[in-house]
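See the structures that follow.
Next, two complexes with chain A in common: one pairs it with chain B, the other with chain C.
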Partner chain A sequence: MSDTVSIVIVSHSPDVARGAADMVRQMVGSEVKVAFCGGNVEGGLGTSVPHIMEAIDAAWSPRGVAILVDLGGAETNSEMAVELLPAERRSLVVVCNAPIVEGAVMAATEAAGGSPLDRVRAVAEELSAD
Partner chain B sequence: MDRHSSIPGRNPAPRDADAAGETAKGSVMLVHAVGMHARPAVKLTKLAKRFSAKVAVRVAGAADWIDAKSVAKVMAMRASPESIIEFEARGADAQAAVNALVSLVALDFPDMAR
Partner chain C sequence: MPLNEAAMRTLISAAAEEVIAHAQELTALDQAIGDGDHGINMKRGFEAVLGKLDVIAAQPAGDAVKSVGKTLVMTVGGASGPLYGSFFMALGDAITAGKRLPEDLAEAFASGVEAVSKRGKSRAGEKTMLDVLTPVLDTLRSEAGRPDLPRRLCKVASEAAEKTAPMLATKGRASFLGERSIGHVDPGARSSCVLVHAICNALEARA
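And then the complex of A and B:
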């Protein structure tokens, strides 16, 4: 189960995050680990660095983790969460510049084929290339 | 079932591979009710990636071949129901790849075991 790159979905909304993760599981399958988080610590819309770190931990794969985010704070908080990881894990986690739902499905499809992290990221980012 | 078997009554992949035995072609009608949309595209891409051969796909008559291992490109094909999908593969397992992909489309994208 950990022989593929994993996916983490970070949205301001827990419903969006859960829904995107459901789409990955149903469309791509269960061979790629998917974790998600959404909402701030008070339960409102927002993102939280500790929650993102927990999601990275839950999805952890030695092949790496690709994070898909929605708006501004989700990206900056995800980058902060990556910086707070142990040094040996930091280089194995990337934040993708891609639409959250489409990017998650396409990244997971690429990951399911056993592709390395940089390839998974590139496929997700193809969507915003032009 | 053996996913490499041909489907009776469907257009079988021709076995006239070139001298090197490394090119294979096949075509099949897309029977999916909504065409090649997201879910079928994911299944097609995942299956294509199981093979080492380079696999190209297109709607019959289209000018350009698409990399069947690129989910973004396959999704963007927007093939409509009852269009003919063509595959062309090059590589050691080209024939197996084409057979498997033709079966996938002919059987309307059944769930696959890993």
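And then the complex of A and C:
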């Protein structure tokens, strides 16, 4: 299973994160590791750097991890979480500029075919083109 | 003043207490043009800082400032966590790397401002905390050594925060409102102003 790129979903809302992860699993089953987190440290709407780091760890694949985020704070906190990873892991995690649900499903589908991280990211980010 | 443990304790607790005291105001500003969580997020972060004050203040000054940043990163829960966190982490690193206070304050502060700019992919003029931090940095550079520098910095920060009201937001959640963001002070600019006042007032009280 860890021979594919993994997906991490980071939403302000735990419900959105869980729902997006469900949609990914419906598409790719267990071929691709998917982890998700949503909500701040108190469980309210928001995102949490430690929770994002835990999700990256849970989904970890030597092929890399693509993170899909919703709004600004999720992106900023995800980028921060990546920088706080051990140096050898940092270059293997990317934050995709893509819509969270469609991006996660597209990225996971691409990952399931064995594509490398840059290709998985590119497919997700095509959704944000023009 | 030397940056010993007592001074660090005074400065950090002054900053934290002022932010916590302004939480409702910051939240109200954020409700107008954002998602309404800036005050509560900053309060959570600085309460965590106060909770670890003994451990934080006992460290060398650079490490102490960096610890404040890391604590904010891990607890705030909004974009302001990594933004303020990166500011204090870079400021702490600059002090650890040999920048002396108060002589090199402008240079050390510049490292922090640069980190915020990079983290937020933003610059002054976009209705953000950088619209306060940048003029404060300019004043630190141009008026270093003046005995009334803390007063001047407070004035510059207050005026700069007010000047974000007529600006159009192009970064962050407020940018979704487009022209409706005009007419409201930016919450991040306001929280930066609160921090500048807290630090300057504490420095004056100890002088």
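By definition in this document, the second predicted complex is superposed on the first by the 130 of 130 C-alpha atoms of A that agree within 3 Å, B and C clash if a C-alpha of one lies under 4 Å from a C-alpha of the other, contacts with A are read in each partner's own complex, and residues count from 1 in each chain.
Just so we're on the same page, a residue touches a chain if its C-beta (ideal position, glycine included) is under 8 Å from a C-beta of that chain, and two chains touch if they have at least 3 such contacts.
Predicted, not measured: the structure shown is a model, and the values here were computed from it.
Annotation: superposed three-chain arrangement on chain A; chain B versus chain C shows no clash, the two fitting side by side.
Of the two partner chains, neither chain B nor chain C is touched by A:7.
In the overlay built on the shared chain, the residue A:50 is in contact with chain C alone; chain B does not reach it.
Applying the stated contact rule after C-alpha superposition, one finds that A:27 touches chain B and leaves chain C untouched. In the superposition on chain A, A:35 makes contact with neither chain B nor chain C.
Shared-chain residue A:120: touches no atom of chain B or chain C. Of the two partner chains placed by the overlay, neither chain B nor chain C lies in contact with A:111.
Our angle of interest has its tip at the CA centre of chain A and reaches the CA centres of chain B and chain C; in the overlay it is 150°, to the nearest 10.
Set against each other, chain B and chain C differ in how many residues of chain A they touch, and the higher count belongs to C.
When the two complexes are laid on top of each other via chain A, the two nearest Cα atoms from chain B and chain C are 26 angstrom apart. Shared contact residues of chain A, touching chain B in one structure and chain C in the other, are absent. Those residues of chain C whose C-beta lies close enough to touch chain A in the complex are 35, 37, 41, 44, 73-75, 77-79, 81-83, 85-86, 119-120, 172-173. Residues of chain A touching chain C in their complex: 40-42, 44-50, 71-73, 76-77, 79-80, 84. Chain B meets chain A in the complex at residues 38-39, 42, 45-46, 49-50, 69-72, 114.
Across the complex, chain B is touched by residues 27-29, 31, 105-106, 109-110, 112-114, 123, 126-127 of chain A.
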